[in-house]
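In what follows, chain A forms one complex with chain B and a second complex with chain C.
Let's turn to the complex of A and B:
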């Protein structure tokens, strides 16, 4: 074992031991962290690697959540079987949504891409609100719960941990694969990528679908823990969440957004328990953090501690602005 | 001379009312080192962009190795065996020089869809060879964005060569270089093209560079071909001197 593996192993050990020191409430929060960590990392596959700012990523988190809820409540399958199908179903439906949304959106870049993803997400929000027989309308879908033993917070934590862990492994393999190299190249110079003989739009669409599928999986994990899915999951404010998490953690590193998600969720819990003006306080804190650490938490980490040669993983470095 | 690698017939491209290419013909024989010269605004860059698929021509035909490639998008054109470099150097600034070439190699090997294998070592040996070929092996680990301008131009050449092209378009390969650097740069391209049996089409403003390496010269003016011939022939044409050589000097 070398230094390369030390940090991930230590993190894995800490995550395995973590829930034994926590109350049920904090285990519930830890599950939320895991779900949003996956959500933020999958989002950052687009922002950090491809340079595509999706401002409608809640579409996939929400579609994943609703898919999970519908599979559990409406499929008529025995609870255990429905639950077993749920991760793949959520990924499949979100990927299909990403195929349709991406087909139109990845033709554009920059602000136009952001606006297109935003518009499609608002379309889904409207559907969630109005298609009451399917989605429960304003009330959402409630009373979801995992079957049997998994309904216990501790067991569900380990379920969420294994799903998130496996997903992050897959995503890391992808971003360090030849396909991932192409994405990194795309971020800075799509024209050159075209002139390498690569179909830029097709690769962007594939990245978009991959990102959407895992965002959907994150939504499904959270839906079952939360017990409810609401149309608000698809509202535009929900699309800002992964953006803030990714920027907070650092878009230039693979796990940065996961750290950002942990910080965001825990901060939100701590502050909302103390003041009704919690969103104001969150806003102020985030503004300060971003000003102090323009490259996010992981930017501070890389600069201060492992500068020079010992960087744990080959990260897509980004020039400081 | 009857083995054209590239044939362009009456290529027309206009932007709104502005006619950028007013019916351009060009025939490049295999193994040629063809210069396309002309004053700014003569349509050289539009010509390159239209031939390589970045722009769709309004009419006309582009044939590469007897295949009609008119209007094909750049990635298709490139896969047929064409490469190009840009007037404004086009590399991946955040990737190392080695990774720049690796990306080009994996694209050429059709591995861009491979999502599970590790990319780090992929094609590293070949990438080092290509960097050595352009004299950049010492900078393999440096981010491309930190390389000197001339080195970035050479890196772009290595990227282009990674695709094993048979025809190479170079849009002002010496742009932004000092006078003495320019000759060195074009001679490097010329030598490599000779070794690999590449045909080249390049645009250039510096006449010393053009006359040092070009086998034939095409002179463009206001979106049309004004003259074409060997360097000696072109130099002798009075209308060329009037339009271009005189004012560039």
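Let's turn to the complex of A and C:
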């Protein structure tokens, strides 16, 4: 135990204590934050670490959500058992989708990779819209709820917290592993990585599947809390959500996107509660974000520390990038 | 199974149906071309995928409705609506380029995508504030509202007019790109904008002009489409996806590719509706995915 562990421990304690001071509505929002935090961090494993901009990541969030809904409603398993299978099922199906999409997409880089992933997301959207017997078509799948005690907001919050916490731990272990350092090297100079004899495509594909699996898990958590899954989750307007969250929080740090997710969700609740022109407000916020602080909240905070000269001694360089 | 296929393709034996669907496909394709030409042109030169292009199209339609309402005579009103939409959007495009886009040409892709995405949100809601949530319509002038008849085929005049208008714009673009000095600059910028700049061409002005031209094409397309679509909030959501599919299939940056792909998508939709009712959407996205996998730069796209 040292100072390095203090901040995460304090954050964990705060998250454990948080719901006791909140109304049911805000606990529901807190669950949304947890799901989207996992979504944004998993997305940023691609963008921030590998330098791959997936503009179709909503595909995996949506696939995870639909998988959860189908397991709960159609599998015929007893509710408790179905619920226990759910996280693994959502991750497995999303990873399978990521394997197929990634197989065709990861060869491309830059804007072409973004467009390919986007195209596949739209293909899944069209399928969700038209495969009515399975997906409920336009109406989506409704009336989902977790079994027994977990149906209570407080209990579900702790369920979501433990899943998100465990997932973030796993993702953090991965990005600080030798595999994770290969990913960072890919972002900086993929050609050089290739010269070192490392299979670039396989690493990109593996990262894509990892990211997709956890995005799917996030979708499953959110689906059960939300109670509904709609094809709109896969529509193109949903593509920007994880990007905005990651950029808002800062793509240069591991937990930045989680912070961005919290900011985005809370802003959405506060603004849409006051005006019906929530998109207009969000659009203006995004413009300001892109033009004024592209390094995100964590980036601004770090710059502030360095500029403000809060420490007499130079800051130790952080291991994250 | 065979019976089902026979049932689904019974229309293929009927020349009148074939001709009608071909005309419908081509006229829809021409509308798609008006949107996607600008989108492709902008990407070719500015290297920015403009998600707000559908929103510009919607604004064009809305401005057309408002302009036409000002004039008592339907024909002059309609003509003024087309011109007003194109000019209005050209001005808006120039304003967007000089105030926003210009700042992010060197920024990472995610910033560029986010900025044009933000414009979709802003324009979409601004349109609701200005024009309300209800759907508007633009009356077509009397000479275009009739039906044309030939060889036992009845076809709406306005659809034929759309085909002619699309062809005229395509010809105008071709002349601009291949027969004017500005066109040479545009084509040069598509290939190597740094070199063009080094040769003394003011690329800042060129970029503004390109975005204004692309926006004007979107506005004109919106105005032309206004009589045949429901003009209201949400129009842009579908339009941009269709345009996106077209430019991806045709090849980003290629106007000729956009023309070919527009006609292709228009026809696939027109016949897809007959062959696989309800699945036309899936069909177009499947087309796009296949093209991206087999030939990622599209039919006529330049090399990545």
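The criterion applied here is as follows: the second predicted complex is superposed on the first by the 300 of 321 C-alpha atoms of A that agree within 3 Å, B and C clash if a C-alpha of one lies under 4 Å from a C-alpha of the other, contacts with A are read in each partner's own complex, and residues count from 1 in each chain.
Simple rule for what comes next: contacts are C-beta pairs under 8 Å (C-beta built on N, C-alpha and C of every residue); 3 or more make two chains touch, one makes a residue touch a chain.
Source: prediction; values computed, not measured.
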item: Touching partner for A:129 - first (chain B), second (chain C), both, neither; value: second
item: Contacts of A:55 with chain B and chain C, given as first, second, both or neither; value: second
item: Partner chain(s) touched by A:173 [first = chain B, second = chain C, both, neither]; value: first
item: Chain B versus chain C as contact partner of A:196, first or second or both or neither; value: first
item: Which superposed partner A:85 touches (first chain B, second chain C, both, neither); value: neither
item: Larger contact residue set on chain A - chain B or chain C; value: C
item: Which superposed partner A:18 touches (first chain B, second chain C, both, neither); value: neither
item: Touched partner set for A:279, first chain B, second chain C, both or neither; value: second
item: First, second, both or neither for A:181, with chain B first and chain C second; value: first
item: Touching both chain B and chain C, residues of chain A; value: none
item: Of all residues in chain C, those that touch chain A in their complex; value: 47, 49, 100, 103-104, 107-111, 113-115, 117-122, 124-126, 128-129, 237, 240-241, 244, 248, 278-279, 281-282, 285-286, 288-289, 292-293, 296-297, 304
item: Chain A partner contacts - residues on chain B that touch it in the complex; value: 52, 54, 73-76, 78-79, 83-84, 86, 90-95, 99, 102-104, 106-108, 111-120, 122, 143, 145, 159, 162-163
item: Interface residues, chain A side, partner chain B - complex; value: 173-174, 176-182, 184-185, 187-189, 191-200, 203, 206, 314, 316-319
item: Chain C-facing residues of chain A, complex; value: 47, 53, 55, 104, 108, 110-112, 114-116, 118-120, 122-123, 125-127, 129-130, 235-237, 240, 243-244, 246-247, 251, 277, 279-280, 282-287, 289-291, 294
